[in-house]
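Next come two complexes built around chain A: one with chain B, the other with chain C.
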Partner chain A sequence: MTKPIGDYIEIISARSTDQEILKRSQDGGIVTAAYIYGLENGLLDGVIVADTTEGFKPMPKIAKTREDILSARGTKYSLSPNMSLVKDAVKEHALEKLGFVGTPCQVIAMKKMMQYPAAFRGTVNNIGLVIGIFCMENFPYNGMKTLIEEYAGVKMTDVLKTDIGKGKLFVYPKDGSEPIAIPIKETMPFEQKSCHVCMDYTSEYADFATGSVGSPDGWSTVIIRNKRGKDFIDKMIAAGKLETQPLDMESKFGFAMIEKLSTDKKTKNAKEIEHRIEMGLPVPY
Partner chain B sequence: MSKTVEIKPTTRHEGHTNLVLTVDDEGIVESGAYHSVTPVRGFEKFLYGKVAEFAPIAVSRFCGICPTAHSTSSVEALERACGMEPSKDGLILRELTAIGNKMHSHPLHQFLIAPDYVPKDEYADVVKRIQEMRKIGQYFVDTIGGEAIHPPNIKIGGMAKNITPEAKEKLISRAKNYLELAAVQCDYMMNLYNERKLNDGTEIPEKLGYHDYPLLATSLTYGDISKFDYSQAVEYSPFEHYPKEVALQACTNIPKYKGSLVEVGPRARMVTFKDFKETKGALGIHKARALEMAHYAERALDLLDELNTSGAPFCTDPIVGDGETVGVGAIEAARGHNVHAAVVGKDGRIVEYSAIVATTWNIPIIGEATVGHHYKFAEHVVRAYDPCVSCATHMIAKDYDGNTVDEKLFK
Partner chain C sequence: MSGCTGCLISFADTYEKLLDILSAVDLVYAITLADEVTKVTETEDKIVIERVYPDEVDIALVEGSICLDDHHAVELIKEVREKSKVVVALGSCAVTGGVTRFGRGGQNPQPTHTAFVPVAEVVKVDFALPGCPPSTDSIVKFVMAALEGDTDYLEMYAEFVKYTDASGENLIKQVISQGLCMGCGTCAAACQMRAVAMYDGKPDIRMEMCINCGSCVLQCPRIRMPKSKGLLEV
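Right after this comes the complex of A and B.
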């Protein structure tokens, strides 16, 4: 475990300057702002988002308009198989500069596909941008449903937004009433088992990765990892689409917190991997 | 005193074949046998008992150049065996995919014969243009078929997916681009062919490749089952056609239509549907192939115009047969009339499967068409047919002792 948060060129705090995006984005609206900027400036011609269907169920979707991208703002704490649409996007949608967002595991899948494009010949040349989001853990849909309906007493069809922070899962109802908080230790038993052997917190293989941890409320941390990511973010800043501030390198809530959480995840999950190997169970590494 | 000249392997075409010629003292070919030595893979046998949906996926693997033609013939055969009516837009998408395959395959063949005809100093430009054209053809197959090679969207009942309006626009603009490239490429190749010379200055005999067999084609760009009577197609053992020593090596059946060998492919189509005049000779096939390219792009534009991108791509009728009805699919592959026939059982599984592939029809003619000219021209006759031999190879003939294993295959 040499580098807790992987390789990067630069790390900043940033926030979208578009008030409409911020109204319902999870954090600083980086993903939504990048997608819309890419689409409006020809850097991307279509993007994959995690939208929701009935009952706040995540559903990947190919978005080609500002409206469709806006509609998918916000984090869904259940699996959204975003990779499953990559090929469709490039084939029958004929997209040539596809934007992709995913959890670290999905970003790993995407990068593997780009390295070894078996059955994806042609597809890999048409990926315009790979955005990663931070991810500590995720939940199967039915687990999330049990949590929200049983613990929080909110029907899935009435959920506006969910957020994990400050040791709690917050459920925001559509009627605008106060969010209901569920302590993380209650949610743990519902986590996906695969997340317990996952060794990536900050999407180490993305062009750039983003999450809330390390930055003030309403802002996002952006870890710029390669030239494509840097060019993209630089252009957005130059176009006035992002406002930025240096990442907090002093207090324990800034850079130190990202490193700490990432190290914690890797340490804990490395143990679980060892345990599973001992038990003769399969692990993905 | 005649002697034997063997060219093995023949080159610059797909698959493995030998050419066995007897020539006189002047080197003039007296008799010619052209045969596949590509190992038989036995597709028809291993399809027996499999679910019908597996067939188009499997037969696509006959070949990496013509996978589209085989999947397409296959689904047509299976639909007829099951009495299904594929969706309208599915058929349009399917024809577009099949056309894309030919839009790439014809220029590919011109690349293979370029070392014979194209002057060295023009070679790079020609190859570049060929590659641009192939790219467009493959883009059609990739976008509509889902993969440029072994397109998975070709399915019983239509196509697995429709395309978006944006994809349609891109295809239209590429088809127009192809038309422009094809016009230049066709003119260029026609001039070379009309000179009747190889690029080293050797004059090509006027009657090279002449034969008297009839031509068979069912459509200019796609396939029309009403113009083909499957009951008139009979496959014979290579032992009934070749000298014994050759037949022992040969890995294809010899198909006849209405009692005769037939030539299939570009010339057959252009003569049948476009009043093309050169009914004989190797160069005539080259010319027909060059002329066809523009027809494909034109047809593609018509089809795209007709396509409703929100139409259902496939019909949902159950894929079950009656265990008796022989469904036949006949598609014009780049190399010609490509026939698949199938029977599907009430459980949706394949009861019988058989393919008579484009090059299979041409193989016996190719050898004979070398007769009457110096053997140094024989390979040019072979290449004119653009043989795709792994496609053509279908038979399980002998056991290790040289005994016929399955007599009924030949009768």
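Right after this comes the complex of A and C.
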């Protein structure tokens, strides 16, 4: 097996220096800060985000302003088909430097498209940045709805934010009351089954990847994977848009935790893939 | 063969890359792009000028489906196969029949022409590159990989030869029904007919709009991932 968290140039802890971003971002607001920085400095001319519609339902959107990007802050633990807008973004919106964010599977979809762009005329050279987020699993919307409404007793229309961490799914209601915690073992039956053949935890093919694991609360881990990702993050740091600190390489909650979770995911899902092959079911590899 | 020449235009659209391609290959047979060898036959009432398919071609990019009602087409594709080391079905008409086979409203080039089949149903095909038309970028990448003999890259297109029936239905049969769809939405973006809409994070296919171009099937990362992981490092 290759390195548990893929190839990278550098790995750091970071967070946005913009208080407005941090107020509602999931973790260190890296995605939102990178998008806004890119837009304001001509590195990007539009981005794809996962916003929400009625009932905290994810909805991919093409964002071209700071407001639209801010509106999509925060993780939606449900499917947002971000790839579905890529062609519209470069064709109808004529974007030449498109920013993209996605879960590892979406980053893989993007990279496969860039390598085999048969149905994507004039798109490959218009992708300006590919940001990956870490991802252990995702949930179909109706699964998440059942969990939140039945288990936590919060209406989907009243959800402000959700977060998975410390072995629990936290549901933050809009009225500002205390978050309700659902233990992860209760959420497991609602996971999307296709996530169980997924062999990527840390968006191994993104320009840079980010997630909460490995860094203190309110900070993000950033894995810089290629030159484009490095140039982008370096510029953000130089412009004072990100504050950074070295990643914790000592304790088991830093680098070791990222490696452990990634290895756990790969080991578990490799078994599922093997099992499918034994049963004569198709696998995408 | 039978098609709209959109694939040829997409190929010619490679601009400066076309020059790279042309400097690496010797284009011996291509309507509008090259002076071909022709054979002139004079009979009592007419002069027939026919293009001649040369011997020992390294790679033949075949555009369009094969019209079984047209014996010239059938003979030519057989000749192409015989005289070429590698035959590539370029574009959806060649790969699945595309609009010539599945488009509604009569796409017949001649009123008597109604029977169109994918190239692979008539002769052995080595690679299939679907798309209506396949993007210029994809053609350049394909040709470059073929010239370099990059079998890791080409494997995806070699496997696609068997998809002569590819349609939006494959997404249901091969991905959703197999518990493999993770809702990325690539198929919806790929479909130029807008036959694929994302509904609750899964593709919903409006089959009446599908022209069986096969694009969504090629692009879906849950039907096939490139075997070599290095290919994802773009």
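Convention: the second predicted complex is superposed on the first by the 285 of 285 C-alpha atoms of A that agree within 3 Å, B and C clash if a C-alpha of one lies under 4 Å from a C-alpha of the other, contacts with A are read in each partner's own complex, and residues count from 1 in each chain.
In this text, contacts are C-beta pairs under 8 Å (C-beta built on N, C-alpha and C of every residue); 3 or more make two chains touch, one makes a residue touch a chain.
Remember, predicted model here, so these are calculated numbers, not experimental data.
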Chain C versus chain B on the shared chain A, clash or fit after superposition: clash
Partner touching more residues of chain A, whether chain B or chain C: C
Partner chain(s) touched by A:122 [first = chain B, second = chain C, both, neither]: both
Touching partner for A:94 - first (chain B), second (chain C), both, neither: first
Which of chain B and chain C A:141 touches, first, second, both or neither: second
Touched partner set for A:157, first chain B, second chain C, both or neither: neither
Which superposed partner A:19 touches (first chain B, second chain C, both, neither): neither
First, second, both or neither for A:83, with chain B first and chain C second: second
Which superposed partner A:60 touches (first chain B, second chain C, both, neither): second
On chain A, the residue positions that both chain B and chain C contact, one per complex: 87-88, 121-122
Residues of chain A that touch chain B when the two form their complex: 64, 87-88, 91-94, 121-122
Residues of chain A defined as touching chain C within the complex: 2, 7, 58, 60, 78-88, 102, 105-106, 108-109, 111-125, 138, 140-142, 192-195, 197-198, 204-205, 226, 281-285
Chain B residues within the chain A interface of the complex: 142-144, 146-148, 161-164, 166-167, 170-171
Touching residues on chain C, where the partner in the complex is chain A: 10, 129-132, 134-138, 141, 153, 156, 174, 178-186, 188-192, 198, 200-202, 213, 215-216, 218-219, 221-227, 229, 231-234
